[in-house]
Amino acid sequence: MSEPTLLYLDGVTVSFDGFKALNELSMVLEPGEMRAVIGPNGAGKTTMMDVITGKTRPDQGRIVFGADIDLTKLDEPAIARLGIGRKFQQPTVFETLTVRDNLLLALAGDRSPRFTLWARESADEHAQLDRLLATIRLVQERDRRAAELSHGQKQWLEIGMLLAQDPKLLLIDEPAAGMTDAETAETAELLREINRTRSVVVIDHDMAFVRALGVKITVLDEGCVLAEGSIDAIQDNPHVIEVYLGR
Amino acid sequence: MLIAALSAAVPTAPAHAGGDPFAQIAATNFDIVAQGVQALATSGNPRAAAVIDALRDGKLYAWKWPRPDAPLYIRSATGFVDARSGAPVEAPAAINLRRVIVNDSVRAAIATAEGALGLFAKDPAARRTAAEALYQSADPGALSLIERALTNEKNAGVAQVLREAAAAALLKSDNGSGSTRIAAVDELATRSDLSARNLLASLHSEPPPVAAAIAGAIHDIDRRLKLWSLVENLYYGVSLGAVLLLAASGLAITFGVMGVINMAHGEMIMTGAYTTFVVQQLVAATMPGLNEFGLLIAVPAAFVVAGGLGIVIERCLIRFLYGRPLETLLATWGLSLVLQQAVRSIFGATNQDVTSPAWMSGSLDVGGLVLTVNRLWIILFALLVLGGLMATLRWGGLGRSIRAVMQNRRMAAVMGIRTPWIDALTFGLGSGIAGMAGVALSQIDNVSPNLGQNYIVDSFIVVVVGGVGNLWGTLFGAVLLGIVDKFVEPFEGAVLAKIIVLVFLILFIQRRPQGLFPLKGRAAEA
Amino acid sequence: MLSIEDVDLYYGASHALRGVSVTARIGEVTCILGRNGVGKTSLLRAIFGLQPIRSGHIRWENRELDRLPPYQRARAGLAMVPQGREIFPRLSVRENLETGFAMLPRPLRRLPDEIFELFPVLRGMLGRRGGDLSGGQQQQLAIARALVTRPRLLILDEPTEGIQPSIIKEIGRVIERLAARGDMAILLVEQYFEFARDLAASYFVMERGEIVLSGRRGDMDETAVRAHLTV
Amino acid sequence: PPAKAATAIAATPETGPIKVGILHSLSGTMAISEVPLKDVMLMLIAEQNKKGGVMGRPLEPVVVDPASNWPLFAEKAKQLLSVDKVAAVFGCWTSVSRKSVLPVFEHLNGILLYPVQYEGQECSRNVFYTGAAPNQQAIPAVDYLMNQVGVKRWVLEGTDYVYPRTTNKILEAYLKKKGFGSADIMINYTPFGYSDWQAEVAKIKSFGSAGKKTAVVSTINGDANVPFYKELGNRGIKATDIPVIAFSVGEQELAGIDTKPLVGHLAAWNYFESVDTPANKEVVAAFKKFTNNDKRVFNDPMEAHYIGFNIWVKAVEKAATTNHDAVIDAMIGVAHPNLSGDYATMMPNHHLTKPVLIGEVQENGQFNTVWQTPGLVVAQPWSPYLPESKNLIGDWLPPMSCGSYDVVAGKCLGNHKA
Amino acid sequence: MRLDRANIATLSCVLGGAAVLAAMNLLIPAVSPLHVPDFVIAIAGKYLCYAILALAIDLVWGYAGILTLGHAAFFALGGYAMGMYLMREIGARGVYANPTLPDFMVFIGWTHLPWYWYGFSHFWFALAMVVVVPGTLAFVFGWFAFRSRVSGVYLSIITQALTYALMLAFFRNDMGFGGNNGMTDFKDVLGFPLNRESTETGLMLVTATVLSLSFLLARAMIHSRFGKVLIAVRDAEPRTRFLGYRPESYKLVVWTVSAIIAAIGGALYVPQVGIINPSEFAPGNSIEAVIWVAVGGRGTLYGAILGAMLVNLGKTWLTSALPDIWLFAIGGLFIVVTLFLPRGITGLFTTRQPPKGSKQASAATEASMREAAR
């Protein structure tokens, strides 16, 4: 009784006026799995997340979520409501809302106007927010407008928003960027924590971080999979060294 | 022989009881004057041409109060000559004189008179107009005259018109064998314009063969006319588009590129129009010789004035508003009120008279089309302005710097771009362009404090349809809207047409929420 | 050389820089380290005049920069790779690079070859819109763009962010090379400690808007520095 | 009756200066036409004061700017009557502005002198219509074209609003009555401020090339005229081919156009600046002096104000009070010379007797009178050519005292008016 | 919080002020200097209507970032609905004494009432239409516009086009709404003569109440989580989608509500000014209304009310005080406000954010505007 795969990219191709950003990309993600995706700049990692989250429509290919939901047929909100959360490469938060409100809006729950019009902040939402603020170390900044955060703080805030959504699948684009090594280590720890209950796809260029995750790695290059395997396998893979790690 | 011709020409000329045509012309009753003109024209009096011309040009003077000898004088450059003899006379006291004024009936009389006289003029153009006049009147009585003229007409063009005139006259008369009449019908068929069609349509009780010929002629005239009207609408659409383009291209910069919701744009156009007025006044006052070209002088003048004003506005107002673009709406709205009132206070609330130089008035006939010259110029001008604008933006990477500043002011500064400079320059450029548009619009619209208000909404619509920040888009947007409007108008009337265009716009934006040429990809959200 | 003397900077009420003093010599790399939100970027903004300073002085080649607007500072030889790339999204890659021309005399208005040696990908993408590039590509473009203006003080705010390892190494070498050329001062903000350590001739560590530790490569106490970078 | 109660509200002081309200748009789209009316009012008042005012009391103008905004007209009217307590208001141009102030004047029982030719179908106790009713402008104009020029085909070209539509309705009815078929009448409307006349003018031209003498009767409103005439000029449509007779184009409008191409086109008014009578020359000169600008022109509505003002002055002196009711009654029957000679008399229907002049445009932007009604024309505010109003008359003299009296039914409609 | 106090204050000002005026008009004899003349009551009522419109605009512009340049359209439609009722109320008292047909219909020679005039003789029906017609229009318009992701100036322009088209349409006599003269010469509402003092005062009080109610409604909306989502949409619409929100439905709700509020304002406006005609649709009017909000302070409901009041007060006063140059004054005012009061007049009272908003914040809005501008 093998339960169905969680996410299945099947020959996905995305091209921008001729240039193929994704080229027949296929990938499988098991439920509860955490997958690290690395690859040269411009390999198509972010584009991959774009097509999963409905930001970009693929020219070819299917993206099946869970048993039989074809994500290519859905739009962003619908996909998000399925429980697919995303952190962007460039931190994007609601600048004029306070840090806390940013998290509040991200909290899992009904998204319809009908609900939000009457919604009152429940006690456990309150508790949740406090927990999140602590996790992302922005307790002092809780009532500052997000526009006033430093770059790294925005990164953290966005991670916080992602957690708040409590999604089935987390797509995380370069969380370690702009973090100190110590923070990077903690982030890895955090992700492993999350992975206990949820599936994660994480992109990053920081090999120390990737190693710290200690999970299966997929290497993308020019829009398709170049290699797949454990960190050590990857780090010795000549192709990967050639196009990505350098010597 | 001229005399013979004329007397033959107008056999039915009623001779007035008074006899002396000069006396009649000296009369105060327009109808009598008209008869006098007719009589004079046909009298064969050698002075006829001179006197009638003088009358037309308002050089003919009569005695203020009735006098048996009813003297008539022609004012010449040097002094007065006696109308009858042409002999110079010493100037009579001005108070005793009154200019002989003409009204429509008199003018009509003059026209036919000249028609008759003109047929044998030196200048072919004059002969042509004379022939045209005769064609229009289609007077059987004139037939013999026309034929006589034809025999010694060298100029092919004029001859053609004369033949048509003859055909018209013949068909109106009821003589002439079937064959000759059919020939005449074909003659008119070639001319294929409305007047020919109407003339043919007005013929009844013709013998079958002729009738058939007529029907055929009418049919293919109609076909040609339908075709022409299509082309005509297209042209109207384009020329309306050109006007919209002119009005909008300044805004395409200040709003499209700079993102300033520039409600004072219309007033920049107005500034240009008033500059034109002032320039024309100055030219007329200082160097009347250049009157014809006042407009050409006005173009750069308007650019400088409006552009300068724009720069001042940017430095004193707009520059404090970068980063809060929505507030530019408020400021520029206030500004537009101030500018309107300023003009009203300086020039007065009423329209100003901006004259059109000769080279911008009148119209060309191209096939079945009548293209008014001023519209042609405006189309040309609009394209020139747009082209010039694009060239400027290419030049020295100015466009690049501008776009860089508008996309990320702080980073542009970091790259060493003089942002304040660019801002002022850009806004000045946009305003200057608007000013030039004002020069053109002064030729087709009121020069009044409200001038700008009439164009502001349309301008925004054009820029937006085209896709903000895209000059080509502005071009296409303008032409698109113009053509849609002019194609709907014939069916629905001008009022509904405008409504329909607006609805079309709303639906269009639904389909293309980013205008004609939307940006795709990540850059669009970035 | 660049010398910053106890600069204070405020955002509205919040005090982001407290009497910060930093010097950066020509011909070497000066590195600024610190956790998130300690004021590194604020300091760089202050240097470039993007954020007004309340007090203190900023001197470059013994010339007061304090009063100058940013574009004047650029023309004085400063260039910056800002945090978050700040690419001009709707300019083509070529245009992005050429924005540097505005301050250059005509003869110098060409793209130096070194940038294409450094970032070969860019050559193939000159026609693409800056905003369409991938994050890393944008970062590379940002660095290249800074080099176009032939700066004498190069300010880099976390330049390695989002860039693939091989190119990070490459960037490291370039920075060394530039420094070695001896006509350029380089001010580097980094959180990637190894990277910084290998390059920095002198370093400053920040904590809550203050310089809490500084020194030269020789006498760097790694554990102390790391202590300040951990929470 | 409410009127009495109202009087109490709008009672004007019986001592001190007499306030006169001037309610013309000084800004916005209508400023073009209305500003000169304000100027002429100021002049008239100034001159009256030189003569010692009215009943020995000086006149004091109260100028407000309703800014071409109709609700603002109503607000300003209220203010003039209830706050400034003016003895009379001279104002309005567009019908809609008049419509919007009408209830105010009737409720507060004020006096409005309305100087512009209009569509009629109205006759309020509190308004004195010193401009022309349709039968004092449109009908005679058409008669002229029909009889003097021998026009056989008609284009009724107008801006799309009430005045042109009504006027054209009346004219259409009139022409049909005169035996013209629908085929020979073309009616066409364009929006306000319409400026691209190419297609329309082409239409007119082809309509006109049917071999019958054709004329255009233009009720085109203000702004749209300049481009219209420019297009005519450029298309070489001369008055001798297709004459255009306009009801809203006067000296003021021509001042903004290069008139050379328009020479010979016509306008119908009750006055032209060019009429040569000593009185006229005097007033025109005075006006140019008053505005110290000899480029300023004088036009029909300005004359209407001139007459209206003088009649009001006489009425006040006759009534020996500024009390509105007294003055309203006193106005009827008062006469004052037109600037074009002969007398304008305020009839019981609150309209003036007027001569009708047809003028041709001259190069100098003036009109040259080519025809004139033999006598004076009495206004018919209720058009006899429209079924709904053919039985109506207005007569504010007792016993009738009714603005819309149905002579067939023999009763006063709109009972509230009495 | 600070804001709240300001809101409560506004509320009491509106209601209290109205009540006091009313009292001083009705209770104090006309002779006394303290008596408030009807004229003042009338314009007070008018301003309150404008304030309602401003409030509606601020709701969509200030909080949802939809710069509407066509809101006067809903205002006018509400007005027309009410106007039609008042027209039918006249009954046979028109100049042609036609029991069913309004004067202007008789006048253009119509013989019987067009179907869309049925029912307007009933007040309740008219009221329903005041809400339904503009509401539906707004809903349909918004549904299409927001669903096809029309935003920023593109939206602004089509709202402008909408009101412009409506203006031209209502100009046409054969639409059956009185052409450009519109409807006027109303007699009474629900049997109360419109020109009686007490009626005027009553209307003014009703308007004040309606204003307060819509104010409370708007406030409730924007202080709810719904309001926060709106602001999020304003700042970064694409981002909200990835959180699972549907910006279009949020915009649609607030847009429709706002349109209805505006319409009710219009309905109250007509009986008080005594005329409704197409010029109410003029694009300029909508822009002017936006200006009121900007002057008062965008994004603060009480600012909108304040702005509407002050600007119109200024207009009334200046057009009489300086009839020849008042545009200089009012135009100058707008300029000065933008330059020295970046967040409108209310910016003087609140210090919620650092003046001019921090560099980044402004950069952000700039970005979002660029976004909008494309």
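Letters A, B, C, D and E mark the chains as written, and numbering starts fresh at 1 in each.
Keep in mind that, in the parts below, a residue touches a chain if its C-beta (ideal position, glycine included) is under 8 Å from a C-beta of that chain, and two chains touch if they have at least 3 such contacts.
Here the structure is a predicted model, which means the values were calculated and not measured.
> Enter the minimum step count from chain D to chain E; a value of 1 means the two chains touch.
1
> Taking each chain's centre as the mean of its C-alpha atoms, which one lies nearest the mean of all protein C-alpha atoms here?
Of the chains present, the most centrally placed is E.
> By mean C-alpha coordinates, which chain is most distant from chain A?
D
> What's the distance between the Cα centroids of chain C and chain D, rounded to whole Å?
76
> Taking the mean of the CA coordinates per chain, how far is chain A from chain C in Å?
Centre separation, chain A to chain C: 29 Å.
> What is the distance, in whole Å, between the centres of chain A and chain B, each centre taken as the mean of its C-alpha atoms?
It comes to 65 Å between the two C-alpha centres.
> Mind pulling the chain C residues that touch 2 or more other chains?
11, 50, 132
> Hunt down the residues of chain A that sit against at least two other chains at once, touch-wise.
Correct list: 16, 148.
> Out of chain E, which residues touch more than one other chain, so two or more?
Residues 168, 171-172, 238, 324, 327, 357-359 of chain E each touch two or more of the other chains.
> Which of the residues in chain E end up touching chain D in this complex?
37-39, 42-43, 46, 93-97, 106-109, 168, 171-173, 179-182, 184-187, 195, 273-275, 277, 279, 315-316, 319-320, 323-324, 326-327
> Going by the contact rule set out above, which residues of chain E touch chain B in the complex?
Chain E reaches chain B through residues 67, 141, 144-145, 148-151, 153-154, 157-158, 160-162, 164-165, 168-169, 171-172, 238, 283-284, 287-288, 290-291, 294-295, 298, 324-325, 327-328, 330-335, 337-339, 342, 356-357, 359, 362-363, 365-366, 369-371, 373-374.
> Quick one: which bits of chain D touch chain E in the complex? Just the residue numbers, please.
My answer: residues 2, 9, 26-27, 63-67, 69-72, 74-76, 78-79, 82-83, 95-96, 99-100, 102-104, 107, 121-122, 160-162, 165-166, 169, 191-192, 386-389, 392, 403-404, 406, 413-417.
> Chain C touches which residues of chain A in the complex?
So the residues of chain A touching chain C come out as 16, 39-43, 45-47, 89-91, 137, 148-153, 155-156, 173-174, 177-183, 186, 205-207, 243-247.
> Under the definition above, what is the set of chain C residues touching chain B in their complex?
Of all residues in chain C, those touching chain B are 48, 50, 69-71, 74-75, 79-80, 82, 86-91, 95, 98-103, 129-132, 145, 149.
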